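The structures considered in this document are given below.
In the two complexes that follow, chain A is the common piece, with chain B as its partner first and chain C second.
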Partner chain A sequence: MPSGARGLSVRYLPLLWAGLFRKKTRSILTLLSVFVAFVLFGLLQAVTVAFESGADSADAKRLLTTARYSIIELLPLSHLRQIEQVPGVIRVAHAEWFGAKYQNESNAFPVFAVEPRRYLEMYPEFIIAADQREAFRRTRTGAVAGVRLVQRYGWKVGQKLPISSEIHAKADGRLSWEFDLVGTLDADDPATLANTDVVLINAAHFDEARLLGKGRTGWYIVRIDDSSRARAISAEIDRRFLNSPDETKTQPEKEFAVGFAKQIGDLGALVTRILAAVFFTILIMTGNTLAQSVRERIPELAILKTLGFSDGKVTGLVLAEALVLLALAGGLGMLVAAGMLPGLNHAIGSRFPPLHVTAGTWLGGAAIVVVLTLAVGLPPALRARRLRIVDALAGHR
Partner chain B sequence: MRALHQVAEITLINLRTLPQRLGTSLVVVVGIAGVVGVLVSVLAMSEGFRHTLASTGRADRVILLRAGSDAELSSGVPREAATLLATLPGVARDTTGRPLASAELVVMVDLPRQGETEPSNVPFRGVPPTVFAVRDEVRIVEGRPFTRGVREVIVGRKAARQFAGLGIGSRIAFRDSDWTVVGLFESGGDVHESEIWGDTEVTMSAFRREGYQSVTARLRDGSARGLQAFRDTIRGDPRFSISVLREPEYYAKQATVLSNLINVLGYTVSGFMAVGATFGALNCMYSAIASRQVEIATLRAIGFGGLPVVVSVMVEALVLALLGGGVGAALAYLYCDGVSLATLNFNTFSQVAFDFRVTRGLLAQGLLWALLIGLAGGLLPAVRAARLPVTEALRAG
Partner chain C sequence: MSLVEIRGVTKTYRRGRERIEVLHGVDLDIPQGDFLALMGPSGSGKTTLLNLIGGLDTPTGGQIVVDGRRIDQLSSRELTAWRAAHVGFVFQFYNLMPVLSALRNVELPLLLTGLSAAERRRRAGIALTLVGLGDRARHKPRELSGGQEQRVAIARAIVSDPTLLICDEPTGDLDRATAAEILTLLQMLNREHRKTIVMVTHDPKAAEIARRRLLLDKGTLADGDGRP
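Entry: the complex of A and B
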């Protein structure tokens, strides 16, 4: 708002309101179309953020070591000691994909076979009660599960978890396994919460009981002392296994997560393009409505000027009208999107990272409101500014 | 008769004066084009994905996996079992008596997308020479098939388009070996076009595997009874621990997560977009007609009836809507049809590519939507214009 209107803006509110709702149907239609665009923006942004959440929750001091040629190949457990000896490495944990099938649903949730102490120390952001942590360590058939999974399936700590594997048979050749649920994993922030959507089982028991692949694991997680040396340490780890039958590929956790998000690839770009098309269409239509509204009110604006409103004030009034309209509709849209997400999260269960409207999305929304306000409001505002009273009143538009 | 004559008269006047109202008319056209364009392209994405899935696999073919596995990646079929399976009487044979069964292994290889450096998981399938007889939809469209026993590959058309360095003649380094691309294949637009194929034996030794992941076989009797008989044979044979799935059933299962995601994305976006932009388009239509209030009142003052006015306004609205719809649909067709998109299939952990398909049905759907907007947008203001007392309407100007 230009300086002339500063501090007095409250006084102009009724005037603004009257201008906005001069034609009710029109204003309500405009409000609704902008509103819907912002609901869509809020929802789609939440999806995009969720896709990238892996990268956000990544710890710069964690590296991931996988088989060099394919992340689905296994590595020998003996790599553990060798990785531990690399300078700069503080501790190492390992995990393996179990390929769970629960209640006949393939990959209902990921199950990792881990060494409990090492794994939980590696992820201090997971919240687990001390006694449960201890129980997981001591119980060979023990398992801990993320809270969202526990809620989704109505599990209780202490119960048996019958889970089949699509990959690993037990020594008797059967694919059905049973574990004892001894604890739950929780997390504070939503991005980390998505990482707790797993069931962890005890690798020692798993390795002993399985038919094939004994002595191997899926990947290593490596904690280092200095994140700025992540690349050098990664290269050193890989160098140790070069030309062995089990070459490795080590990369910072963040890079791994980004790479994974990139695999989703085009879908993210597509969402952005859809939003751009939506906003472009809205822009043209809202712009047109506003321009017409100003056109119709030229005599009124001229009267305002006659009454002593400065050019700046008239310009400000028109711009403020656009701002109020867009901010109102946009804010409501985002609020509704944010309000829809808990229900949506509940509906899709833990199959997808939790969706939420972040501060970044709010800022993005605000930026769009400002840009749209300028794009839509400036031309009619300038037109109102240039208005010459005599011409306008005489009807020379 | 008189009324009809009047309708024709006013409609002609309206349409002839359209260019004079270029601004407002254009906004209506652009707005509706935006709605229809986004709608058609988003639906074309769902349609394309559905098509890729639907065209993968044939009902008379089955895929044999290890019992309990729902995906090739988690399955394993030992060599001996694969050989025995092919000789079962339920499996069809070609004219020379060779069983139409293809024992295959799948590994993941890392390849960057075009113009990127981050690797993506691309499926690499080792196939026996019989594969071309079993999957007779596969055609080499450029180059030649790979030679047995040599590190040569053929590349699916979609994979060649999506990933870097897969042109004929180029060499790709996987594991400790160099492979030469010797051909491009098509397989009716199905998921195999996102893959790279090489000779089974060579693949097995290069990737250090000792067995297959699946056997795909053509059944002698593809009916439900034939399938049941085949299943019973396998279940009754203690040498096998194998589950039998019809191909279409298997591939549909493979994409449940992604197809849900794409459908939810497609329908949510198009639903919201349609509603939001419809409000906007309605608005434009509404204001376009509102601004001609005086004109309409004049017509009525000189003796034209209410109905002809309504009809003529409606015709104009529909013409503009249809024009917008046509432009939107044409843009969607030009920009989206045949564009391919690759993303991660969450079930298989590998890339799947599919093409947008702007079908006639979708174009018709887009135009229908445009007409509905035109109808809704034109009707209310037209009726209002016709009802408003002439004197009042004339004064309002």
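Entry: the complex of A and C
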């Protein structure tokens, strides 16, 4: 803000503040309602962002190839070489859903059987120490786990990891498996961190030891050289397996993640509807409060005009009151929401992607403050602007 | 030369389809340093004339020159700026901001100037001291008596050193003794500080303190003895 404008706003601050808290109880109740609405906004947006984090952290140069009709159908491992030969494809990795439980039914988390080198090269955003990466590659019974899972269950690198599968039995028919924890996965970006809430096991050992489904995998991850050709390359991959017993469906990673999240429900739309209802209520309430406050101060506003405050200044003062009220309560609400999330994350552990208030949510909050300010502030501000001094002083409002 | 020159001023209001002429071609000269009392019955147009002189309203016809400037030709924005620089207002019901302290109330007109906060406070303090309320600077209007509130209003009116003081029934809401104090204060501002004052009053006692008295009756000016 230019120093002149800053000086001007500081100059009118006592007047603004006094107008805002003319009726303390009313102002505090209004502040509280706006505050609660923004706490709700911060928390619900954090949940939405967490749900969409898979899509947000998706790489535009990564494609997902699954069985054409259902993701639970397996694809032959022999597809890998054919996909690698498609022009534009740089690298291919594969993964399979293990369906894991640890100790009891409630401790469920994703376990993927992967080829270590290919998979970790496909996700450079995962942070893993070089020696642990090498150990994972070399150890057939090796496994690496996301740091949040490691913290949640108190695991230590080097320990045995007993995991049961709901899907895959070993050759002896038992569903209990044991792996050696050789490393941890971490990430800098909170959205990516959610993707590390996983245990990766060595596909070579898994394929050799399992009873059924040998030589097959769940899906392929394909890195391409040019994201603008994603559609064409996807079509070419699928074309290669057309009319085979194992037809494929290839799509950009983001599209896959969005589609997967929507299987749970369109959370974004649901949250938007809830917040729309909340903010509409706030709009009516704050608008009424502000209009009432301006009505009560008609003679005072007339005096300001008498003293030489221009129509623009009086309009600005009323609008600024709305802005200060909403920005103060909204900002505090967002801060409290942000402050609550670490505790919530700790409480829910790694059962859910980490919740956090993103820069986008802050910007969204600021936009709501601006829109609400205009919606609730403009009508009384314009009324104040149109005010005729002589009429107002004579008591004709 | 007069500070205020009013020539053939008319003011007409509309009430539904009816047009009501409140002032009928008023001519008036107010010299620099004058203390003029405008008297007359209710509805005679006193406040209307006062509002026109103070730039709170514009005439329907005629011209008003204040300190050499045709204020009847100014735009709303120009008139607002002109009022801030040249006119101080004192009203019957004080019209102070109830949420602001006496000092902040007096400081209000100075917010429109380029003065620093410290200088604004200093000047507001001086104005309060001049009206005898230097020790009440931090009090809110509700903590002051009616007379004290009117003194704060007078301090607010003079703080930016205006050319003209416009007083609309300044003692109308006060008891006799307090009214006398306020009138003495206005007289002091007129005599010692050379402020030109135009005061509307119903009270003949209040009018006595002015240098000059004029009677406005049915929109026409007469002298204090009722001669047109």
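Here is the rule we go by: the second predicted complex is superposed on the first by the 384 of 397 C-alpha atoms of A that agree within 3 Å, B and C clash if a C-alpha of one lies under 4 Å from a C-alpha of the other, contacts with A are read in each partner's own complex, and residues count from 1 in each chain.
One rule holds for everything that comes next: contacts are C-beta pairs under 8 Å (C-beta built on N, C-alpha and C of every residue); 3 or more make two chains touch, one makes a residue touch a chain.
All of these numbers come straight from a predicted model, not from anything done at the bench.
Participant: Regarding the shared-chain residue A:Leu15, is it in contact with chain B (first), chain C (second), both, or neither?
Facilitator: second
Participant: Would you check which partner chain A:Leu32 touches, where first means chain B only, second means chain C only, and both and neither mean what they say?
Facilitator: The answer is first: A:Leu32 touches chain B but not chain C.
Participant: Answer with first, second, both or neither: which of chain B and chain C does A:Ile389 touch in the superposed model?
Facilitator: second
Participant: May I ask you to name which of chain B and chain C touches more residues of chain A?
Facilitator: Partner with more touched residues of chain A: B.
Participant: Name the contact category of A:Glu300: first (chain B only), second (chain C only), both, or neither.
Facilitator: second
Participant: Given the touch rule stated above, what does A:Ser310 touch, chain B (first), chain C (second), both, or neither?
Facilitator: In the superposition, A:Ser310 touches chain C alone.
Participant: Determine, under the contact definition given at the top, whether A:Val371 touches first (chain B), second (chain C), both, or neither.
Facilitator: neither
Participant: Touch test for A:Ala60: chain B only (first), chain C only (second), both, or neither?
Facilitator: Once the two structures are laid over each other on A, A:Ala60 reaches no partner at all.
Participant: Would you please give the residues of chain A that touch chain B in one complex and also touch chain C in the other complex?
Facilitator: Shared contact residues on chain A (touching chain B in one complex, chain C in the other): none at all.
Participant: Note which residues of chain B are touching chain A in the complex, please.
Facilitator: Residues of chain B touching chain A: 23-24, 27, 30-31, 34-35, 37-38, 42, 45, 67-71, 73-75, 107-110, 113, 116, 118-121, 174-175, 207-208, 241, 253, 257, 261, 265, 268-269, 272-273, 275-284, 286-287, 290-291, 341-344, 346-347, 349, 351.
Participant: Where on chain A is chain B touching in the complex?
Facilitator: Residue positions touching the partner: 23, 25-26, 29-30, 32-37, 39-40, 43-44, 47, 69-72, 99, 101, 106-107, 164-167, 173, 175, 245, 258-260, 262-267, 270-271, 274, 277-278, 280-282, 284-286, 288-289, 292, 296, 351.
Participant: Going by the contact rule set out above, which residues of chain C touch chain A in the complex?
Facilitator: Per the touch definition, chain C meets chain A at residues 47, 51, 56-57, 76-77, 80-81, 83-85, 89, 91, 95, 97-100, 104, 108-109, 111-112, 117, 156.
Participant: Can you name the residues of chain A that touch chain C in the complex?
Facilitator: Spelled out, the residues of chain A in touch with chain C are 11-12, 14-15, 18-19, 21-22, 299-300, 303-311, 389-390, 393-394.
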